[in-house]
């Protein structure tokens, strides 16, 4: 069964403190495997804290009821150091030892490695990765949480060509995601009459200094630079361009967040004219404000999209469980996911989520630009 | 042409950082006879300490640098006392593994202490200036000058003082050093202290042009390995020259060969050199 | 007397290994053991070149990855039947490692270590940058091992037996190698290349053979890994994997027969047991590694052998005091 | 000056030295004879503080040396020129010699004086002063090793097989230098295989057998002892 | 002639360690090489045994030109050697050390190892026999299971002899076999060398111990600064002015 009954049990290894349960209530374990140590630890923490916050809120509100039983959530987290085989091992452990019907996995490698057996062993993967291939394999029990990135290039290109010009330098992160993004972006840029004057990439895991590469890019006199990767080094890359005299605009991949750039730069002056993803801080969704304030209170920093989207995913999944009338049948839960989105209270939305399509959440585009040092929402 | 000189300047900046890190590594190599993998972690801890002194205590950048150098030197000595001095110096593999263990610990410790997020070190030297048509930030200039200063200082120490010479002597014959009355314990501690201090100085100098995060040491440590091999293990001039060569090769390579494969340059260079000269560039003729 | 006790112990262990899935049908435990088996094979590979022959190779994550990618690419993109691809992947690694070894083995000690580290890094970058390998995204859809006669490989239990089979095969192989003239030749090279050469041993040829065998075993482990996890990414060629393999070897005992198995088992178990520490796992794991090395610089098996030798020596001295003659000799394995 | 009393030393489980009683008076040149593996080097290592004794006492000028580090022993004036030379092979000859003055490293003048003295003893080294020690021939290296030991201004000089592997001509020179050094006031304890030459320049001698002192006596006693002649001098 | 050396020169950078040396080594005899430290004696051995490649000149052994042959091939042709600083496999017992000495006469490879073929078993047995014979020859059978670290200098020298003998050499090169060995035991080693000759080996040694050299050698070659300065019987050499001046010095050590 997918539950652990009673309150007397000692917490097994790897679990948080168990939520309080009174008579008749049961505990439902939710699994998470992600990078909690190593270079990607910060990213892992961001994803897990969203899930945790939602779970805590749900518990504080008295849990949720499915078929007459009240459940409280217990998040079990394991570190996989961003390694696929470790993720698979953790997932097996979560399912075997903790009976988790759902495992959150925030990286494509981990998702791929887990997809090998999740249908057979009957659990749902809540995947926080915009890698398209996780859904093309036809795995029925995988839910994509973040938005697909193909909604960004069109508005990005339009905005920048209008504001700065037609010459583009490419300096995205040297990851597959960066490459995929570039492949999506460049045709759009060229369709609109632009040209690519410099084609490069930056390996944020290995570069000590961005000056050499930026010097080369600027040597081609671009109007706009396409950047992306972890927010902070990306911000520094943009600053390096400014230091070296660049005055044009930036297109920023969705992986990098303005709000995190603010953390290292102190203000938005150096990235004036950048277009990218709207910070959750600036969200006008009804639940955003309370989410932001309690996140800041608990985690002591500004929440990013990773936390927000995972937070909301946890709520939607609980809604889907209620509708499916089961906490342990992933198939049934998955079938109710779209309905779950629609059933969720509006004041739990941190960003506009319209439903579930092809096993992926369907978010509204959230694009913003920096104009005169301020974040401005760009509407299509 | 301007591009060329700008890249030379960029290369020199990175090269300075590489050199400082490689110097510490090569010094400690003389004692351990094994590359110390934890050296990169000392680099990282140095940056964090300076940052903490600057942000939490509101002290000046230079005070941050000084305190970082002192604390990391101490940390390095503690490492030597608790671990390396207890291992047989003739057996390289356990030393290597121990240094990896320390690396794991320090990285994790940094995450615990300072969090895993990227942090920025803001210095009073953020301004950009134009020099003969080239763009530099003050901080970069500072890196260049300070690195040269530290290297000259170290060179003088090693060649002009007996204590410095003792470090060199010990790397060549441990027992010989005992027999002339060199206090091996003290020299070994001193060597680790200097190496740690250099790493912290390098980190605090370089951190403002990049970011501070737990795995930042990995960026430079691999390169430093390559440098001390190219420059000759245990060779001080080798480490300095090697550092600058690599820094320059990377920035010029990115410009004139391929930007995408820039980080390959160091390793291709090394593989080529060792393929032709299996004992490194500066191999000694004596048996 | 003594010998039979040891034989019984080994038989008992084997029996436990065979009955384990029946006694403990916990898939998580099986998963751990499967990974232990796979890694152990790779560690035996490293032991051949580093333990027996004395050349510290840091390229073994690379060979592991070539084995895995060889199988992955041949099956997913080449349409080659599984077992043929399996053999080809290992052969390919052996072939590549031959040429790498030819050049790399001209360097010695630290130079060899850093040279192979660079080779490993280049393999990593090649996988990372190449389109053929799927780059950072990795390779998905690697098929199950094809059935052999009535044996199919779909359940985790069947995987368990498959890996156990290959592990036993590897151990048998290593046992024979250890006790052969060839194995002694490798050890002679480890002890002194110069002396070995004066004794008419072609150092280069033997080192190359050891290197190729060791790469082959790493590739076997890689291919098994790919067929089990069925997703591979460039991170498996990362230098950290090379260090991890080395760590398993050193904790177990370098140059010993039982070391790779014991070391891998203990370290993997330890990392799993420390999972409850979450992000602070390494905070505890690092010091444990350091302590292990401080107290057992020759690894657990190495430490045991030394203890045994010491005891034998003491006994010998005692015996010598009583009467002369009648010397026992210990066999190192 | 140097007094060893009931000194016992182990290497692991093996007893290498057993209840050694040995004295060296100031100004003497004492020879230590013994077969290979008798424990001569071990005895020297123990005096130098490189090996810790299990039992017994070890005094130099009335002060115990037990528990002192090698550096402290050298600073106290007991300096060893070890078997195998242990030079700093990539440093120059001059720097090697200078390192010998480590225990009084701040006194630049004293270093210079002592350096002159050593170059006087070994004129061959003058022209090699800037060559790296590793590039010298065996005999020259041995000179550097002795010179370096003398740089430490020893009161007691321990010489462990200084003639090992040297050409007869050099051996001859070596012994005359040792004699000269001794004449100038340095007490010497000399371990040698070349028993005849060693005894010729000595005042007294000991014979070490399997870790025990078996014979002791004056130069004449030992040279005339039939067994010693047979075992250590040959012919 | 077993070994013919023709105008052999070896340069290290600017230094000629061996210069224009021509010499012969006769079968079944003991040839000694003497000369001051740094004269190039060890280098001379290194050239013969293939550890160094000559700059110019020829070395012919049993009709083969071995000038540029690798060390292991030279060994297989029948040249055994010991080193100036005793070189042994430290982490093994004496028997294990000597066992590997005969490896060059065996052919078992990976296949034989894994399948434990008949050949492997036979060759293992042969190696063991050879090793036991060699240990017997140097009178160390009783120490077969001791570890190398435990034995004395002189015993180590003997093990080194045994190791060289296990390779079935025709010519055996010994670099300062008696260095650091006391006179009594030196005599023992000298006996051993004579025994080798009796068993059909040709011995060539480098040594500074003149009494031993003079009583043992049939023929002496004297090197100085890399050049051959004299050659002849012990008597001739002892009276040679140049040798006395460069090497022997006063006569005391020759007779002592």
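Of note:
When the chains are written out, they are named A, B, C, D and E in that same order, and each has its own residue count from 1.
Here is the rule we use: contacts are C-beta pairs under 8 Å (C-beta built on N, C-alpha and C of every residue); 3 or more make two chains touch, one makes a residue touch a chain.
Please read all numbers here as calculations on a predicted model, not as lab measurements.
Between the contact lists of chain A and chain D, the overlap consists of B, C. Think of each touching pair as a link: the shortest run of links from chain B to chain E has 2 of them. On a Cα centroid basis, the chain most remote from chain D in this structure is A. Here the CA centre of chain C is 40 Å from the CA centre of chain E.
With centres taken as mean Cα positions, chain C sits 38 Å from chain A.
Taking each chain's centre as the mean of its C-alpha atoms, chain B lies 33 Å from chain C.
Touching two or more other chains at once are residues 14 of chain D.
Within chain C, the positions touching two or more other chains are listed as 279-282. Residues of chain B in contact with two or more other chains: 107-108, 111, 116, 260, 263, 285. Remark: the chains found to touch one another pair up as A-B, A-C, B-C, B-D, C-D, C-E, D-E. Those residues of chain D that touch chain B in the shared complex are 48, 50, 69-71, 73-75, 79-82, 85-91, 95, 98-103, 105, 132, 134-135, 148-149, 151-152.
The touching residues of chain C, when paired with chain B in their complex, are 56, 103, 106-111, 114-115, 117-119, 121-122, 125, 129, 239, 243, 246-247, 250-251, 254, 279-283, 285-290, 293-294, 297-298.
Per the touch definition, chain D reaches chain C in the complex via residues 12-14. Residue ranges on chain C touching chain E, taken from their complex, read 173, 176-177, 180-185, 187-188, 191-192, 194-203, 209, 213, 327, 329. Within the complex formed with chain A, the chain C residues making contact are 26-29, 31-32, 35, 134-138, 140-141, 156, 225, 229-233, 235, 272-273, 275-276, 278-282.
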